[in-house]
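Both complexes shown next keep chain A, but they swap its partner, so chain B is in the first and chain C is in the second.
This part shows the complex of A and B:
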C-alpha cells in the first residue's frame, strides 16, 4: 500500500512530537548525570548540557564514604527487600482465601474488606496517634507493618487466581493436602507473572517512600535515601555533610570538585539507577497487571 | 412435647457440631485469613477511632476518652480560618487541573502512539514514557528544581538566545505555580495513563478501520470517526471516576516543589494538616480538617459513581 504525501507528513510530525516528548523525559536525567560527574567549581561556570567537561567521581566518593548516606542506603534496601517479600506473601495468601466461597466467614470477610477499601487510611493525625499507641513511631517496623497487606494487591492476586485451572488444586485436596500447603506448592508457583508485577509495584513503593520517614520518625538511623535526598534538596544539610566528608578524606581539593549541588545530583542518580535497571524488563507484566486492576475498578 | 424438645435440642447440637466440624475442616483457611482481618481492623479501622479527636480538645496525656469534648467547635473555626480555606481552594484548583490535564494528555499520547507503524520505535517511546512514573517524587522535584532553576540549562539557553535578560524564577512565582505543578504531574504520569487507553484502542474492531478506508477516510478522519467514538465509553468512565479525586491533591508535589514564596498557591490540605498537626501539635483541629476532607471525598466518589452508573453500565459497586 502506497502512502500519500499527507500520510507521510502525518507520520513525520507524529514521530517528531513523540521523540520530543521522550527526550523531555530522558534529558533531565542526562543533565543531572553530567553535573554529578563534573567538577563543581567548573559546573558553576555553566555551559554543561550533555557531557561533563572536567570529569570527576568526587561527588560519588562523598556519597559512598559518608556514613549517614551509607546507612540511609542500607535502610532503604532493607525496607525494600523485607517490605516487598512480606507484602507480596501476605497479600497473596489473603487473596487465596478470597477464592473460597465455602469458607465459613467468607461473606463477613468480604464486607470487612470492602469497607476497609473505602474507609481505610485517610486522616494523618489519627494514623499518627494509632502508630504512637502501637509503639511504631521511631522504629523500623513502621516501614513494614502498615504495608503488610495491600488491599489493592489482594484484588489483583484474586483476579489472577480465579482464572487458574482448578484441576491441580482439587487433585491435591483429594490427596489430603491442606490449603496452606496447596497455596505454597501449587498456587504460588503458578502465579509467578503476577508475583513479578506486584513485587515490582511493592518494591517501587517502598524504595520511593519518604513521607513515612517525615511523619513518623525522627531518628537519624531510620532515614532513608529518599528522605536524605529531600533534606539535601532543602539545603540545610548539604554544607555540613560536604565539609565533614572533606575533612575526613583530608583533601581540601574536595570542596572545589564537589559542592552541595553536585552531591545532590549524585544522590539523585544513585536513587534512580536501581529503578531504571529493573522496570523495563518487567514491562509486559506490569502492563497486564495494571489492566486487570483497572477493569476491576 | 418432651419429644419435640428433645428433637430441638438434638438438632441444635447437630448444627453446633456441624459448625465446629466446618471450622475444624477450614482451620487452615482461618489461619490464612484471621491474622489479616485483625490487621485490617487495626490499620484500616483503627484510625477511625481517632476521628473522635475532631470533636474534642485532644490532650495526648489524657487520651481520647478523658479529653474535653467541644462538639463542632473545630469545624466552625475551620470555616473562619482564611489559611485553611486557602488550602481548600488550592487543593481543588490543583487537583482539578490535574484531573483535566491528567485525562486529556494520556488519551492524546495513546492516539499518537497508535498511529506509529514502527514497532521498535513505539516500544522505545513507551518504555521511556513509563520511567517518570516509577521514579519518586523527591527525584522528580529535584530534577525540575534543577532543570528550571536559576542556573539551570533552560534559563541558560533562554539567556544565551537573548530571549530573557534575567533568569526566569520558574518556582518562585505564585501566579504560575498551579500550572507548573500540573505540567510536572502530566510529565510524570502521561505514559502510565496511556496504557489503559492503548488497551481500549487495541480492542477496537479492525473492520471499522477497513470500512473507513474504503470510504476514503484519511488518518485524522479515522481517529475522529472510528477510534474516538469506539473508546468513548472507556474514556467517559475513567473521567467520571477521576472526579472523586478532586478533593485530594497530593502532599508530595506541594511539599517538595512549594516554597515560602509560593505558599499562597501551593499550600494544600495535606501540607496544611502536616504543618499544623504534626509540627505544631494542633491535633484536634487538623483532625477535623482531615475529617471534612474525607467526608467530601466520600460524597464526590458517590456522585461520580452514580454518574458513571447512569451514563455507562460501569460502576465501582
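This part shows the complex of A and C:
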C-alpha cells in the first residue's frame, strides 16, 4: 500500500526524532571513550568531543595496574552473580506463596508485606543498627541478605504466576507432586521471561550499588568497583578540605587533588561496559516479561 | 483466668523493670571506665617525680604491636600499610587503620555518632557535627594524656608563639577534647618558615591569595605593567580581546561555584579584612577591625558585581563562565586560553602545573595582581592566626589512649618528624654534600611524574592529624618542602625566574597584607543553632546570586538581584549570626584586656 504524503512526513519526522534521541544516548559514551583514550595531561585542557586528540591507552594501563580495582571487580562480580541468583530465587519463591490464599501463613505474610511496602526501607541509622545487630557489618553478606526479597520483584512474579493456567498445577498435584516440586519443575521453567527481566533489574542494582559499601563496610577487601569509581569522582570534587600542608605539597607538585580526567573516564568505561554488555543477551526476555506483567496485571 | 494472667504479666514486667534499673546502676558505661582509667593514670602521673617513671620506652612499645582505627574522611585517604607508615609501625609498634568516607564525611560521622560505633580517633571538620561530638560524652580528655605521655607535644601546642592552643581549646572545666592540625609549630627561638609579618618579606612561591590572577607573558604583551585597579583591569582585558578576538580565548573566566572566592578577592581590594572558617572561602569581613559583617553585605560589592556584569555584556567575560562547572573552568584555565580570573589560588596551582607540562604553553604562568580601589590605602589578604580546619578527637573506643599519646611524643622526636615529613632515606630523600636532608633531581622527577607519590608512600600523613613542628631540633626543616633543592636554580620554576626579571615581578607586592589576630578566628557556631542555620542559608545563596548578577541584562537588574538576595539573607536571620560573631570577638578582646 502506497503511503500518503502525511505518513511519509510522519515517518521522516519520526526517524529524525529517534535518531536525535539515539544520538543523545550514545554520545555520552563516545565522549567518555574519547577522553579515556586521550593523553591524560592533554585531556585536562578540555576541547575533546568526539575523537581523542593524542591517542594513548595509558589511562587504561593505570586503571588495570591498580590492585584495588582488580579486587573490587571481583567483589562486584561476586555480589552481582550471587546476589542476582539469590534475589531471583527468593523473590520468586516468596511470590509463589502469595498466590496461595489457602496457606496458613498467607495472611500474616500479607500484613508484613504491605507494612514493609508502606513503611519503606527505613532511615540510614536504624538500618545501620539493624545490620549491626544481625552481624552483617563488614561482611560480604551485607551485599546479599538485605536484597534477598525485593517487594517490587515479588509483585511482578505474582502477577505473572496468576496468569498461568491453574490446570497445570492441578494436574501435577494429581500426579503426586508436592508444592516444592510444582514450583521448581513447572512454575519456574514457565517463568523464564519474568526471571530474565528480574535478573536484569537485580543485576543492575547489584552492579551499580555503592552506598552499602560506604555505610556498612570499612574493609578494603569489600570495596566494590562502583565504590572505587565513586571515590575517584569524589576525589575530583572534594576540594573543600585543602590544608596548608596540602597546599605546600601541591606547590612542589608532590600531590594532586584529583586523578586526571582521562583516568576518571577510563574507570567509568571499565565499570560501565560489563553491565551494558548484559543487556543485549536479556533484551528479548526483558521486553516479553515486561509486556506480560503489564497486560495481565 | 484473664484477670490472673494480667496479674502475672504486671508482676513479670515490674520485675524486669526493676532488674534493668539495677543493672543500669551497677554497670559502668564504656566512657566511665575510660575516664576512671584516665583518672588513675593522672594519679600515677602525679605520683612520679619525673613524669616518665613507669612509662614504657618506644622500643619496649614496639614489641607489642597495636592498631588504632582513625577516621580521616575524604574520598581516598592514605593507606595504613603505605611504606612510610609501615616503617613507623616497625619502629613503634603502632599502625593505623585509616578510614575514609568516599567523600560522604557528614553521613559517616552521623552514623558513628548515632550508633556509637566510633573509630578510635576521629577527624572532624569544625564547622559541622563538631558540637554534637563534643557533647556526646564519648570523647576522652586529652590534657592529662598529653601532660603525662606527650609532654613535648603539650609544651609546643601551648607556647604563646603557637597560639597557646591547649588553653584556647580547653573548655570551661579545663578539659581538652580536641587538637587541631595544619599549623607548623615552633620551638622557643625558632623563626616561622615564612615570616609573613616581616617588613622585607618576599613571597617565594605562589601565595594562597584570593586575588586577580593574570596570564604571563600575555599580560606583559598586551598591557606591559602591573594591573592595580579595576579600570586598568578593564583596559588590559580590552587589549587582550583585541589581540585574541576569536571565541576560543577568554579575557576573563569564572565558574558557577566560585562566588565566595570572588567576593573575598573583591573585598580585599576595598580594604576589608576577610575571615573564614578555615582557609577556604570568606565568610565575615571588617573594615575597621571592630564591626564584622557577613561578606555579602559589604556595600562596595555592588560596584564590583556591576563591573563583572559590564565585562559580561561587553563580551570580555567568558559567556559560559557564570554557568559552567568547576571542571569546565579548570580545563579552560589549563589550556592557557583564559587571560584572567578573580578567585582562589587552588585553580592557579593546577593550571600552572598543566601549562608547564605542555610544550605549547610551557612558558605561560598565572601570576597574582594586587588590586586596590580608589581611596583605599591598605590591602588585607589573610589573617594567618587560623589554626586548622579539622579537629582530632579520641573516642572512648580507643583501646589504649596512653599508647597513642606515647606515639605522638615519638612523632615529635627528630626520628619521627623526619620519617613523617621526609620519608625513608635513600628512597624519598638524600643527605646532600653539606650533610643536610635534601631532595635530589631524580627524586623530584619521580615525584612530579607520579602525582600520587606522597599518597602512595604515606608521606606527611600526620600533617592532617595533628600540628607538626616546623623544624627538627638541629634547625633543618621537618618537611621536604623545605629542601634546599627547591631554593636552587634547578629546583625553581623556570617561568618564575623570568617573571622575577620583568616589571611584573610580584614577589614583594604582599608585604604588610598579612596579619595575625587570634581573637577574630576559630569562631564556630553550634550546627543546630539559628545562627548556624542563617549562615548556611546565606552561604547557599551566594554562588547563585553572583552568577545571576554577572548574567543580568542591565545594571538595574544587577542591583535588583543584589537587593533581593540581601533581603533574603536578612529574612533568614543573618543579623543573628553577625551579632554572635561581634559578641564573641568583643568578649575575647575584653577577656584579653583583663
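Definition applied: the second predicted complex is superposed on the first by the 227 of 297 C-alpha atoms of A that agree within 3 Å, B and C clash if a C-alpha of one lies under 4 Å from a C-alpha of the other, contacts with A are read in each partner's own complex, and residues count from 1 in each chain.
As a convention for this text, a residue touches a chain if its C-beta (ideal position, glycine included) is under 8 Å from a C-beta of that chain, and two chains touch if they have at least 3 such contacts.
Quick caveat, the model's predicted, so the values are computed rather than measured.
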Counting only touches as set out at the top, which of chain B and chain C does A:179 meet: first, second, both, neither?
first
Touching A:128 in the superposition: chain B (first), chain C (second), both, neither?
both
Between chain B and chain C, which one contacts more residues of chain A in the superposed model?
B
For A:218, is the partner it touches chain B (first), chain C (second), both, or none of the two (neither)?
second
Report for A:88: first if it touches chain B alone, second if chain C alone, otherwise both or neither.
neither
When the two structures are overlaid on chain A, which partner does A:210 contact: first (chain B), second (chain C), both, or neither?
both
Look at A:230 in the shared chain and tell me whether it touches chain B only, chain C only, both, or neither; answer first, second, both or neither.
both
Just checking: does A:47 make contact with chain B only, chain C only, both, or neither of them? Give me first, second, both or neither.
both
With both complexes overlaid on chain A, does A:26 touch chain B (first), chain C (second), both or neither?
first
If you lay the two complexes on top of each other, which residues of chain A touch chain B in one and chain C in the other?
44, 46-47, 124-125, 128-129, 210, 214-215, 227, 230, 261
Per the contact definition, I'd like the list of chain B residues that touch chain A in the complex.
19, 22-23, 26, 28-29, 31-33, 36-37, 39-51, 53, 60, 109, 112-113, 115-117, 121, 124-132, 134-139, 141-147, 151, 153, 156, 187, 190-192, 195-196, 199, 218-220, 241, 251-252, 256, 270, 273-274, 277-278, 283, 286-287, 290-291, 293-294, 298, 301, 315-317
Flag every residue of chain C that touches chain A in the complex, lowest number first.
73-76, 79, 97, 99-104, 107-108, 110-111, 114-115, 117, 125, 181-184, 205-206, 208, 279-280, 326-328, 330-332, 334-335, 345-346, 349-350, 353-354, 357-358, 388-390, 444, 447-448, 451-455, 459-460, 463-464, 468, 479-481, 486
Using the touch rule from the top, collect the residues of chain A that touch chain B in their complex.
6-7, 10-11, 14-15, 17-19, 21-22, 24-29, 31-32, 35, 44, 46-49, 90, 93-94, 96-97, 100, 102-105, 109, 112-116, 118-130, 134, 145-146, 148-149, 151, 178-180, 183, 204, 207-211, 214-215, 226-227, 229-230, 233, 261, 264-265, 268, 271-272, 275-276, 279-280, 283, 287, 290-291, 294, 297
Over in the complex, which chain A residues touch chain C? Could you list them?
41-42, 44-47, 124-125, 128-129, 132, 210, 213-215, 218, 220, 227, 230-232, 234-257, 260-261
